[in-house]
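The data blocks that follow each hold one structure.
The two complexes that follow have subunit A in common; it is paired with subunit B in the first and with subunit C in the second.
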Partner chain A sequence: MYLIEKENVMKIAEELAKNYELFGPVVDKGTGQVFFDRVNDSSEISLSAEIPAIPPKHVVFPQIERIMKYKYDRSAKKAEIEAILDNRSKAIFGIRPCDLTGLIVLDRFFLGQEFVDEIYREHRKRMFIVSQNCIAPFKQCFCVCTDSGPFADEGYDLNLTLLGDYYLVEAGSDKGKELVQRLGLKSADPSYAEMKKKANDKSISLFESIATDNKAWISRVMNRITTGFIKEDVWEYIGKQCFECGACTFVCPTCSCFNVEDHNRFDGTTDRLRTWDSCSFEGYTKMAGDHNPRHPVEDRRNKRFFCKLSYSQSKKYLRPGCVGCGRCQWVCPGDIGLPNVVTYIRREITE
Partner chain B sequence: MDYKSGVCNFCGTGCGNYLRISDGKITGVYSSRNHPVSKGRLCVRGWHIHEWLMTDQRISSPMIKVDGSFKNVTYEEAVNFMMEKLSPYMGSSAKAIGFLGAPRWSNENNYLFMKLARSVFKTNNITLDSESGHRGSLNVLSKVTGFPAMTGSLEQIEKTKFIMVIGSDLTRINPIIGSEIHKAQMAGTKVVTLGSRKTQMAKLSNLHLQCRPGTLKLTIALIAKVAIEKGYMDKNSASSMAGFNDFASSLAAINMAEAIGSTGISLDDIDSVAKELCGSESAMAFWSTGISGADEDTVSYIANLFLIAGKVGKENCGLNSITGLANLQGGYDMGVAPDLLTGFQSYSDGAVRSKFEKAWQVQLPAEVGNDVYQLLENKNKDLKVLFVAEHDEGIVKYEKEIANLDFVVYFGSYDNPFVNHADVVFPIAALIEDDGTYTNTERRVQISQKRIQAFNGVLSVRELFSMIAAKSGVKWSYNSSEDVFKEIASLTPSYSGLSYDKLINSTGIQWPCNSEYPNGCKSFLLKSGTALSFAKVSGTFPAVNVSEAFPFLLIPGRGEYFWHQNNIMKKSYIPKREYNATLLVYPKGFIEINSEDAKKLQVREHWTVKISSDKGSMNVSVKISEDVKPGTAYVPYFIKEMITDFLLGHSDKSDMGLDATIPVRIERV
Partner chain C sequence: MNNIVDGKIVTVPEIATIEEIKDEIQDVKTFYLKFDNPEVEKNFKIKSGQFVMLTVFGAGESAISLPPSPENDRFHLSVRRVGKVTDALHALQVGDKVGIRGPFGNGFPFEEIKGKNIIYVAGGIGLIPLRSSIVHALQHRNEFGRIIVLLGARTPKDLMYQYNIEEWLKIPGFECYVTVDQPTDGWTGHTGFVNSLIDKANIPVENTVAFVCGPPVMFNSVINDLMKRGLKDDCIISTLERHMKCGIGKCQHCAIGRTLVCTDGPVYTYKQIKTLGEEI
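Showing the complex of A and B:
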């Protein structure tokens, strides 16, 4: 445990910017919307900004990404193929615990199973992560229901907690320790561990008064979803409200579905692209001859919640797929963000 | 940060977005949480606009057709070639020339297109492409309220107490408006949907009046009739408005029992809707304009119904004509019409015309022009030359008539089947390669700024048109889109208070914005001195009789499908897959019939059937759906053969908009 003065905390970002491409929360001047994005200078980052509208997922899993390039020479009947891997070193500064948990879930999907996704691995392997604990929740938050905040437990190189005039800095890796030493941060005495715990308790106690948008008591619902004891008409009620826009998937810190397309370029080459995709789309599961195992929209919806909230799926992620960030709720044209779906299912249980 | 704010360019909702621009290239899109219309939402199209904008399927060089094949040339050469070919048709009033404008183009580009037509080529044959119904709505709204656009505001949907959605499925065509209505419904607003198909909008309503195909207008008339006869109406003001007696007596002429029978809706339902509409504190009507939208007569009935209910010009009320294309409203605002100048100013008004003549320093032809599509449909012999801007549809209607023209000029950014019909093709800068303003369905003027360099160095519309004008001896001196906008504001009373400065620092301003409304105008509110009047109605309702020979009522419509194989949708990946899926599975198109009818016809899903009418026939696949009632059938048109061979034969019907119905026979093949 180390300490850095509140006004000096950006020195960590400045130090990282020397060797890494820097990403962090940025407030759009015109509209006030917060993004988590690449910055040219660490001064663009606002550590105190609210939870960003976009999770940092796109840093490791871009919305649209070139993964290969090829050119076919018709006369010589020869193809040149070139794999494209993003080997830039990236530092993400100020990621919140929910989004950090999202990153851990993505790691388990792309790296932790039978197949390792080398494109994702390239994004991920030179990465430096500085997380910041939420000393107070935001309106949309429900990470206390999903065990993914308000304080981070794992997955960071450095973790920041604002305690009065100081940030408590915890190193979660050798890389993190090395940076702390390079910056010459002073050690924090053991009493800070107690202060941090108090700050965590306080943050949790603030949920009741601040985080009023969403609640999702998921454990009972996980049981129901896993065992399938949910009435058809509940799924129909949910499916009827799905506008099939894909937004819930795109804003979700843990959603990992993708599509692969070949993009013909004006210069005669072709780019192979990997793009975000969504299980809410009919074309996503459609097979040849118009067969679709998940044809009705409610089947596609229930697949999404099965993916987020069933035991079998959670075994793969080693936790539920939802991290309690509340983004799916405010982007949904229907009224079926995950917290609401949990409410609809619980309502049925109570009835 | 790489995210830059912008405006979505698909439908007329005008959602705010952020485009991600990294190193001069588009790499993504995100929704805008603080935008007053979209509030963080986008639809499937909006979430993939970057896929369309990054396409390389662009027109990369000016081309001229020599001996039937295209040759790449410079802009200079192409302009010279065009002006030389056109010299025989140039005159003081060129009946030979027509201009087909783009409802997706910015206000600035549409204004210059209109100016080019009128001041350089001296023609008033100017028409917005793909629009047919919107003008009808504007005429009615202008007549009834003096306000030539949607009178309500999308921001007020959540505040209104009663919503009537007429015809189209807003959840598909303008999903974010559909979403706003759905959210209002969840919060306690009563939502009633009128239409022959059980759409998602209908499923999300409190009440769906599923009338028989072809009786939508009649259903609206019946609600009005009941409102008057049962005394639910707003007695204080409606009955003293001009035209009330005519309307009331035309309603009185309807035989209630007979009419109820033909709509297939119970009198109780009609009565409860009339009562609730009139009794509610505020109410809004929504209908789609454009192809398969409401026709002028139906819109007149809607407007009159709301006058009777006393729901026009009041807080949180609105007669809401919903545009399906990004700048359809703006296109009209810019005077892309044979008889209009900007801001719905009448071309026939001498004072208005001379204002433009003075500003443009040209003499304008005195006569108004003709609708270009009508000229094509009537095979008008005078029309020889056509200028076309960014044709959105992958299918070209009136292909034969266009092929018979002497000369066709095409301006566009994207590769398109229309290009093959052209004799000269000019590539132009696309969205976000130039600054421009767009006016959404609720009159919100928003700016979309230049974010990337133009593809392959192509010119902007402004640069190209200035070059063409110069070639004909007219000097246009615009250094920026802002210069063009200043000219628009100076000539257009409803836009006169708008400027780029104001727009850049806002999420759009709703016109009128002028000395009377310095901050714009959210919705039309009645002031003392303004008089409302009833719209004239036909009083006739199409008979929708089936016969032994043609026992099914067919509803043609674009619905949620690949409308005319939309050209820009084809340049995306995910939306193309979603829309194309239908095209791949039903390469010949499909007909939706009820399972009961399928059983009777002894056909199953995907089997081919022959549909015949008195005008022709076509073969399509069967799709079984409970969204249509027994005895009715629905055909979305997205196949070229369906449009050209079958539906164009029924063009008299498609003019009827929502009530277009064709009696057909369906047979197993």
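Showing the complex of A and C:
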């Protein structure tokens, strides 16, 4: 454990910017909205900004990404394929514990199954992560219900906790330790561990006023979804509310469905693009010949909540697929963000 | 980057040349392929029931099932023209290049069904993925009981692999029954849906597995009839088809409930299919 004065904390970002492309929470001057963006200078980063509108998953899994380029000369019968991998070194500064858990889920999914996703691995290989614990929740947060906050306990290189005038700095990797030493940060005495624990307890206690409805129900709902004990008409109700806009999946830190498309360019080459996709779109499962096995919208909604809250999916992630950031609740025009779905299912169970 | 893992081409397609094109039935052609890289050609090994991701340059990538037997068979794909990528594929000629990734998927069980009777029920181009297994079973003829193929198509012109069937009929103990829904002039064979062949062939029930592949309507009625005859749901095996983008279990397009067709499938028993909770 180390300490850095509050006003000096950006020195860590400045040091990282020397060797990494830096990403951090930035407040848009016009709209006041917070985005997790690439910054040219560490002064653009605002650590005190609220949770970004879109999670930093785009740093490892861009919304549109060129993964391959090829050229086929049909008259000469000559094909050339070039794989495109992102070999930049990237540093994420100030990621919140929910989004950090989202990254861990993506890691386990992309790197941990039968096949390794090489494109994702390349993004992730040289990354440096500085996380920031939440000493107070924001209004839509429920990470305490999904075991992903308010304090981070794994997955970071450095972790920051604001304690009074100081940030407590914890190193989670050799890379992190090395950076702390390079900056010459002073060690924190053991009493700070106790202060950090108190800050954690206080942060958790602040959730009681904002997350009452869904607390403790997520695990019960997971059980129900897994065992299929939810009545068809509950899914139908939820499905009918869905606008099929896909916003919930785009702002979700753990949603990682993608589409692959080939785009021909005027110079005769073709780009293979990998883009975010959403299970709520009608064309998502449609096959050539127009057969669509998953047609009604409730089938598709059902799929997303199954993905976030069933045990079988959790086995892939080694935790629930939901990290409690509350963004889907925030963006959903149909009022079926995940916390609301939990509430609908809770009502069905209890009433 | 490791592009070839366990003999599977995972990330970047390997280039293959179309060596021969054969017209099968209407809108279906067979493409015989050879990898340009001799090392890849030598190490490319498939299992019956698997599929490959086929890139047609300039059009895109599609999942295509594998009809060749894993042993002593030329690498080929039989493809119906049905969408953007397959349209572009049908426009290609001998000498043109395509990209291949794979093979992916679990494949048909082979060791488990040794010593049993096998019934193949195919509707139309449903015979394409089953062909691999049929040829493989015939290559190991003495390891199985009766081998029966029940084949149905809309019209006599829609019967896949006619020349193959004639060849297979020379193998002792191989039975094949063919039917069409809409007979044309000169058709002397059986008329009716493929389930009507189940009685005609007097299929065995004990120690028997059935492989079923065809359009969803046919699939459901055939399975009903097989179950009525007394076949257990875990002895009925099929291969599912889904929209796929990656083939390696990442894009999630082929997810049905808890299973991914690309890595857990595409071969499932009917017992498994029943629990997936989605249309076939």
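Keep this in mind: the second predicted complex is superposed on the first by the 341 of 351 C-alpha atoms of A that agree within 3 Å, B and C clash if a C-alpha of one lies under 4 Å from a C-alpha of the other, contacts with A are read in each partner's own complex, and residues count from 1 in each chain.
Keep this in mind: a residue touches a chain if its C-beta (ideal position, glycine included) is under 8 Å from a C-beta of that chain, and two chains touch if they have at least 3 such contacts.
This structure is a prediction, so every number in the text was calculated from the model and none was measured.
**Student:** Overlaying the two complexes on subunit A, which is it for subunit B and subunit C: clash or fit?
**Tutor:** Once subunit A is superposed (C-alpha atoms), there is room for both subunit B and subunit C without a clash.
**Student:** First (subunit B), second (subunit C), both or neither: which does A:A79 touch?
**Tutor:** second
**Student:** Determine, under the contact definition given at the top, whether A:C279 touches first (subunit B), second (subunit C), both, or neither.
**Tutor:** Touch partner of A:C279: subunit C, not subunit B.
**Student:** Please indicate which partner A:D335 is in contact with in the superposed arrangement: first for subunit B, second for subunit C, both, or neither.
**Tutor:** first
**Student:** Once the shared chain is lined up, is A:R294 touching subunit B (first), subunit C (second), both, or neither of them?
**Tutor:** Touch status of A:R294: second partner only.
**Student:** When the shared chain A is used to line up the two structures, what angle, as a multiple of 10 degrees, is there at the CA centre of subunit A toward subunit B and subunit C?
**Tutor:** For this superposed arrangement the angle is about 80 degrees.
**Student:** Looking at the overlay, what does A:N259 touch: subunit B (first), subunit C (second), both, or neither?
**Tutor:** Both partners, subunit B and subunit C.
**Student:** Which holds for A:R108: it touches subunit B only (first), subunit C only (second), both, or neither?
**Tutor:** Neither partner.
**Student:** In the overlay, answer first, second, both or neither for which of subunit B and subunit C A:K69 touches.
**Tutor:** Neither: A:K69 stays clear of subunit B and subunit C.
**Student:** Give, as a whole number of angstrom, the minimum Cα separation of subunit B and subunit C in the superposed three-chain arrangement.
**Tutor:** 8
**Student:** Intersection of subunit A residues contacting subunit B with those contacting subunit C?
**Tutor:** Correct list for subunit A: 259, 261, 264, 277, 286.
**Student:** Mind pulling up the subunit C residues that touch subunit A in the complex?
**Tutor:** By the definition above, subunit C touches subunit A via 1-3, 5, 10-13, 15, 17, 55, 57-62, 82-86, 95-97, 99, 216, 241-243, 245-246, 248-253, 255-258, 263, 277-280.
**Student:** Hey, which residues of subunit A end up touching subunit B in the complex?
**Tutor:** 26, 28, 30-33, 35, 37-39, 44, 53-54, 58, 62-64, 240-241, 243-247, 250, 259, 261, 263-266, 273, 275, 277, 281-283, 286, 290, 330-335
**Student:** For the complex, give me every residue of subunit B touching subunit A.
**Tutor:** 1-3, 5, 16, 18, 20, 22, 27-35, 39-44, 46-47, 50-51, 54, 56-58, 60, 171, 175-176, 178-179, 182-183, 186, 200, 203-204, 456, 505, 507, 573-574, 577-578, 580-581, 585, 606
**Student:** Using the touch definition up top, name the residues of subunit A that touch subunit C in the complex.
**Tutor:** Contacts found on subunit A: 68, 70, 72, 74, 77-79, 81, 83, 85, 109-110, 113-120, 122, 228, 256-262, 264, 270, 272, 277, 279, 284-289, 291, 293-295, 299, 303, 306-307, 310, 312-313.
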